[in-house]
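Which chain is which? They are A, B, C and D, in the order written, and residues in each are numbered from 1.
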Amino acid sequence: MDIIKEFYSGFSIMNQEVSLVLVLVFVLLADLFCGEKGKKYLQLLAIAAFALNVVYGFTLKVDSTYQDSFAGMYVTSDMHILVKNILNVGTLLVFFFAHYWNEHENRSQSGEFYFLMLSTLLGMYLMISSGNFLLFYIGLETASIPMAAMVAFNKKAHESAEAAAKYILTAAFSSGVMLFGISLIYGTYGTLYYNEAANAFLAEPLQIMAMIFFMAGMGFKISLVPFHLWTADTYQGAPTPVTAYLSVMSKGAAVFSFLYILITVFRNYAETWQNILWWIIVVTITVGNLFAIRQKNLKRFLAFSSISQAGYILLGVIAGTPQGMAATVFYIFIYLFTNLAAFGIISNIENQTGKVGMDDYNGLYSTNPKLAVIMMLAMFSLGGIPFFAGFFSKFFIFLAATQKEMYLLVFIALLNTIISLFYYLLVVKAMFIKESTNPIKPIKSDAMSVIGLAICTIGMIVLGFISPIYEYMSSISFGI
Amino acid sequence: MMAIIFCINGEKKNLIRMVMAAGALAMLGTSVYLTLDFLAQREAGATAEFLYCNDPIPWYETLNINYSVGVDGISVAMLLLSTIVVTTGVFASWGLEKLTKEYFLWFLMLSLGVFGFFISIDLFTMFLFYEVALIPMYLLIGLWGTGRKEYSAMKLTLMLMGGSAFLMVGIFGIYYYSSMDGNLTFNILEIAKNHAMPIDKQMIFFPLTFVGFGVLGAMFPFHTWSPDGHASAPTAVSMLHAGVLMKLGGYGCFRIAMYLMPEAADQLAWIFIILTGTSVVYGAFSACVQNDLKYINAYSSVSHCGLVLFALLMMNKTAMTGAILQMVSHGLMTALFFALIGMIYGRTHTRDIREMGGLMKIMPVLGVCYVIAGMASLGLPGLSGFVAEMTVFVGAFEHSDLFHRFFVIAGCTSIVITAVYILRVVGKVLFGPVQDKHHEQLTDACWYEKVAAFGLIIAIAGIGLAPLWLSNMISDGIMNMLK
Amino acid sequence: MDYTILLLAIPFLMFLIIGLLGYKMTPKFSGLLGSAGLAVVTALAYYTAYRYFFTEFGQAADGARETIVMFNYTWLDLSNASRPDLMIQIGMLLDPISVMMLVVITTVSMMVHIYSMGYMHGEEGFQRYYAVLSLFTFAMLGLVVATNIFQMYIFWELVGVSSFLLISFYFTKPSAVRAAKKAFIVTRFADMFFLIGILILSYYTKTFDFLKLTAVDPEAQHATLVFSTMGGKMFMGLSVTSIALLLIFLGGAGKSAMFPFHIWLPDAMEGPTPASALIHAATMVVAGVFLVARLFPVYFFEAPDVLHIIAYIGGFTSLFAAIIACTQTDIKRVLAFSTISQIAYMMVALGVSGFGGHDGLGFTASMWHLFTHAMFKATLFMAAGCIIHAVHSNEMDAMGGLRHYMKKTYYTFGIACFAIAGIFPLSGFFSKDEILVAAFEADKILYFCQTFVAGLTAFYMFRLFFRIFFYNEPKFEHTPHEAPANMWVPLCILSVFTIFSGWFPFSKWISTDLIGYDIHTVWPIAIGSTVVALIGIGTAYVLYYKKNDIPDRIANTCKSFYTWASHRFYIDEVYLFITNKIIFGGICAAIAWFDRHIIDGFMDLLGWTTNTVSEETKEIQSGSVQQYAWVFIMGVITIVTLALYL
Amino acid sequence: MNIPVEYFLVLSTLLFFIGVFGFIVRKNLIGILMSIELVLNAVNINFVVFNRFLYPDKLEGFIYGLFVIIVAAAETAVAIAIIINVYRNMKNIDVNSIKELKN
């Protein structure tokens, strides 16, 4: 009897997951039972329901700094909740941007769209707050399998199918590799619980090898070089809302859980994984930038830029300190608004004109000043230029890295910002400076994306100046 | 200010201009008042290193980032310079028709960054404003520029960003060595007070910081953004950029690199003396054979700004005072130069001195102003250039060893070379017979151009005739730093 | 502080008023305004001179003259820890030479102002001309009354620029522009040495102040006080003092057109003739002499070797210029070279002078010659101006027999010629005679050299005289006429000075140690020089009184030498080669190329490399999912290997 | 009969790399999917063997194995669906037919 009570009491700290599941089920049922004419309300319902969930998420707080249930299978803390809330916000924004697309190109399966996306979100929740490799694995797959379905969403298109195939194959492959690593971890540590594993530490090569296999699996999700090659193709092929979701949400969730596992399970190998990450970061940032320069398709362009951004994010991870964690989460938070703003513009224009080439954007300012300005803000923010939020997040993440005396690494990263600034400015140049013979016609964006863009813009501009956010993060962050 | 402009509908160009002019004049008034009040307080014996310091508004407590501002003699001088140049710049770009609103918005952002940089005491805010001042250049040049504008704009932005990459590492270093007892700070004064950075670390971070600012200060060999950038920038932008923005470099070298890492500055000075000494002569020489007016002035800016850094590195009161004076004077006269070049270009549609001639007859006012600017630049007594250069040379002569002597004397030769290229331009462009018959029905300066030019000339002559108050104000700041 | 500040204030105000508001005034009014202002200044100057020399105002207790600092404002503070009183001040120092210079400058300037109203009549830019004249007067006055060497430098530069503006007055004439540039840059080049000299001097003596610099140690009549600190610091074999003083002299040489900086003066004649009279004959060009005189005690006690150098440079220059003058055909150029040669005379005098009492004769003589020369050379130039005004040409061939047409000019020119040739009883005789005496006492070689030059001077002056006023008349396109009154009146006034200024008791007024003494004409030397002068005149008479072929025959006998001389020994060409070919063509072009192609090229190379790499590496992203997996697994294996075995 | 643990590990490792090899060389998408299954089976063997030999008292390994199998099934289902989609678009399931997106 006690066992049962304890079992159920385990759910008591899983509020977010539970509420999300509720929304999930609601959407599913609504999708089932609303007829053809109900479809048009379905989206609004789904978004509203999820919005409620988002709001609810912000009310949550754990009374102690760290709680777990199911014997440490599930872990949570203020930081976990915060990260989930951030993901919630991102997802909501993606919904806003996806609305138009669902309305016109994807009428029939809009329900499935929301359902799948929410389930991936659920997977990410589990991945983030897992205290055990089993739950972690389940969360990971829950996050990635529906994602594959979503990448394949518009069935007519070649590249969508190709992208999906590449994604699912690489995902399966990488999860195989990661599982191999996990199995070795199990073999060497003798446990799958993070906190126990942390103590069962014997400096033997097999453990290091296991760690590296595991890191490879994570590297696939965060798309670090050399595990990044799928990224560009999938981003380009997938429907733009899905790409946005991939580029921010799954990346953010993966980064956080990666950081969490590194500083708990592999705490004693800090030396090793810091050296490894040092090189991975350098390669990632550089390759991402170099490949981004030559891109003409904006979605592909942003894919590579997001690769290099992932490198920057890891600068916070490599420190492994509380400050590092705060900087990382802050960076993800800012990056979410910035990148989603860019994708919002792109999807907006793609939906209405079908143009994604950089040359199509020539002279955008003359026809669509608002969109152009927001895009410019996003580019500047990605490039890390004040006053936009990107500057602050970059500054803090570099600060976190230098805390560990990694001046050389930071210097290389900074030199890379020059390259990145170069290609971000290329977009600005296209929109503002270049003239075009047939510029994009003036666009009347739909209400939802207007809301989304407004939120993103406000976020990009003001977030840097509102210090309490970062203060809060650093107050609840933890590290080695 | 930006808000006001932003609210105005872009069609009402004149209204925008009015607002701009009003705002700029307001700024000018403020800074003049600030200067007077500052001097008054010094008279009254206010001995604090920085005056008007607000009590630091905590921003990011955990990182100990505050918003704290204050001014000392040097920054007051710089603010005065900036406001003058901004105001005249507004008038100089009065005739601009294309996208006026956006233009002035970026222009304001630029000036905002500049002001913020000069008044901030906190490294973080300082760096923030620094970058704020850098980025508008891209669009200002790229959109409203001329010639190979896109190339130049990109080059300029990237090179300056490269500089700030060096700089940022330096700032992190300073931050993490900012105090003995763990509580790190970004506040310059506290860092200087704690003076906690060990010498071997200084040897690493001083060059980074100095080069970082040196790029903006157009230090050889990092100066090549300057000719192209200036050549393609619109008038007011090259005014503000050469006049004020390049001063950020010198100011930063002084206020951050040398003030916070004195030992390293002392030990590594020789390297940078070689570089800056080179750029003094080098810039002057390469200005002699340019044919584009803007290139000539860009190179002369390289030479003059080189003199600024050169004097700073001498590290004694007189030389440093001279350096700041040189910043002010160069700011004013180069702004005047670019304003006039813009006006001439706007009429003749060429900047190639071989295609012009006898303009003095056609547009006497511009001609006379140009001659005055030239005289200021070649250091004619009674104009600001002379004051600055003499102070620099006398101060630099304090070092009696052969190495310093050599470079100081090399610097002295630059004043002759300056005379050469200035007179070359004056002789070719203003004097002599009219080259191009079409030029003969060109008009002379119109009212707003006159306002811009005369404003600057008055400032130049004012400093040139009565330099004492300024140099005292500055040297007072310097003394506080040297303590 | 009292009325004397007006000496500087008024001309400056005139400059501002005419310069800023000139375009509103009628030319006539602006001219009158300028002249009126200057008249006041002149009056003040004379009054000052009167007070200084003839009242107890200028008398020190021990009968010596007193050096008075009327006022001294700090203008710029260059002090620092080790040099507390290193300040630039603007002040007024009255002592015999500065007072004398006041008189000279104001007189000549006054005359020029009046004269110009006639000469420049109807020129466009008349107001500009007067504005610059005022500026020049201001600068020159400021220069002579300077209380410290830096103030002198300041006004030195101002003088230079106003000279530039006056030479380039006809700025549409390329030749004028070229001449102006040349003048400015050459003097500027010399000023650089001046500046460096000042820097060295002030570094060691810790002061700019003339009073401190020239203060003579009362006992031990050798070192001036401030130099005791400098000890025997040597640099490249010379003591730093000598180097500093040499450099300062070079600055003076630039302004005073000593060899090798003389090249700008002849070209400077492109400017309006009255301006040449004022600037390039009477006042500015003697600034160098004045500088050396001002620092004379320093030179004498601290760097006698430099003083010798000065003397010999002076000697050489005077000879050199005199020879060239004999061959020129442009009358203004002839006058220009004679100016060079006469100033060199003064330099020689300073160079050979001693200190104290009668030893200081050279000093006195040079100042005296400065005075007289200013007068008669101004006369000559103005007369030349009248002539050019009459025949509209500078060339001798366009002249001849003018004595019938312009009497007044003829007489004044003649007087001036006799004066410069040093014929008793005109002023030139006395001053030149004293110089020769001083030279004789100090250095025989220089004495003979200068005597010869005196002969040459007489020769070429009268060559000029005869060619202009006698000789055969060319056919004038319209008959020459006498100049208007406002042009010949100043001539007459100046020639009065020319006649009588020889009788002033200069040695009573001006001496090295400020104590007056008596001089007596040394008859053998006087007669000797007169004879030489007469020979010169005679030769000129024979050759040029009426047209004949002797000159050409002489020219042909020593053809090569003649061509060299008439081409001014090709010094200008050498300079041109150095500047154009070497500096511009060589250094500047090379540096510019280097900058564009190497440094800038490097920056572009960086960008290019990045782009190329990114283009070249595109194949890595081959699109084949299997290749992705391959890279993936290889990455894993590599990392494992590195992590385990490194 | 008792086979030392090393043998199993060698087996599993071999299996893993065979799977990887297959993934890289097979031209047929289904084949690639099957080689992924090999990899996962290698993992399963690991789990089970570790559990059986090293930590016989707990069942984590077995459970994990089960989960892997289940998830793999789901994964395969989606993968198959996508491959069908590919087939519908490209009319074949040759891996070289999905090389459109590159560079």
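Convention: a contact is a pair of C-beta atoms (placed from the backbone, for glycine too) under 8 Å apart; a residue touches a chain by one contact, two chains touch by 3 or more.
Small disclaimer: the values here were computed from a predicted structure and weren't measured.
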Across the interfaces B-C and A-B, which one involves more C-beta pairs in contact? B-C
Give, as an integer number of Å, the spacing between the C-alpha centres of chain C and chain B. 37
Taking each chain's centre as the mean position of its Cα atoms, how many Å separate chain A from chain B? 43
Please compute the C-alpha centroid of chain C, do the same for chain D, then give the distance between them in whole Å. 97
Distance between the CA centroids of chain A and chain C (whole Å) is 79
Multi-partner residues of chain C (at least 2 other chains): 607, 618, 621, 623, 625, 629, 633
Give the residues of chain B that touch two or more other chains, as numbers and ranges in rising order. 158
In chain A, the residues touching two or more other chains are 165-166, 169, 173, 177, 232-233, 294, 422
On the basis of the stated criterion, which chains touch which? Give every pair. A-B, A-C, A-D, B-C, C-D
Contacts from chain A onto chain C in the complex sit at residues 165-166, 169-170, 173-174, 177, 205, 208-209, 212-213, 215-216, 220, 225-227, 229-230, 232-233, 272, 275-276, 290-291, 293-294, 419, 422
If we count contacts the way the header does, which residues on chain C are in touch with chain A in the complex? 607, 610-611, 613-615, 617-618, 620-621, 623, 625, 627-629, 631-636, 639-640, 642-644
Tell me, which parts of chain B touch chain A in their complex? 59-63, 65, 124, 128-129, 131-132, 135, 138-139, 142-143, 149-150, 154, 157-158, 161-162, 165-166, 168-169, 172-173, 175-176, 204
Inside the complex, what are the residues of chain C that reach chain B? 74-83, 86, 88, 150, 153-155, 157-158, 161, 168, 171-172, 174, 177-178, 180-181, 184-185, 188-189, 192, 195-196, 199-200, 202-203, 583-584, 587-589, 591-592, 595, 599-600, 603-604, 607
Seen from chain A, its contact residues with chain D in the complex are 133-134, 137-138, 141, 145, 148-149, 152, 155-159, 161-166, 168-169, 171-173, 175-177, 179-180, 182-184, 186-187, 190-192, 232-233, 236-237, 294
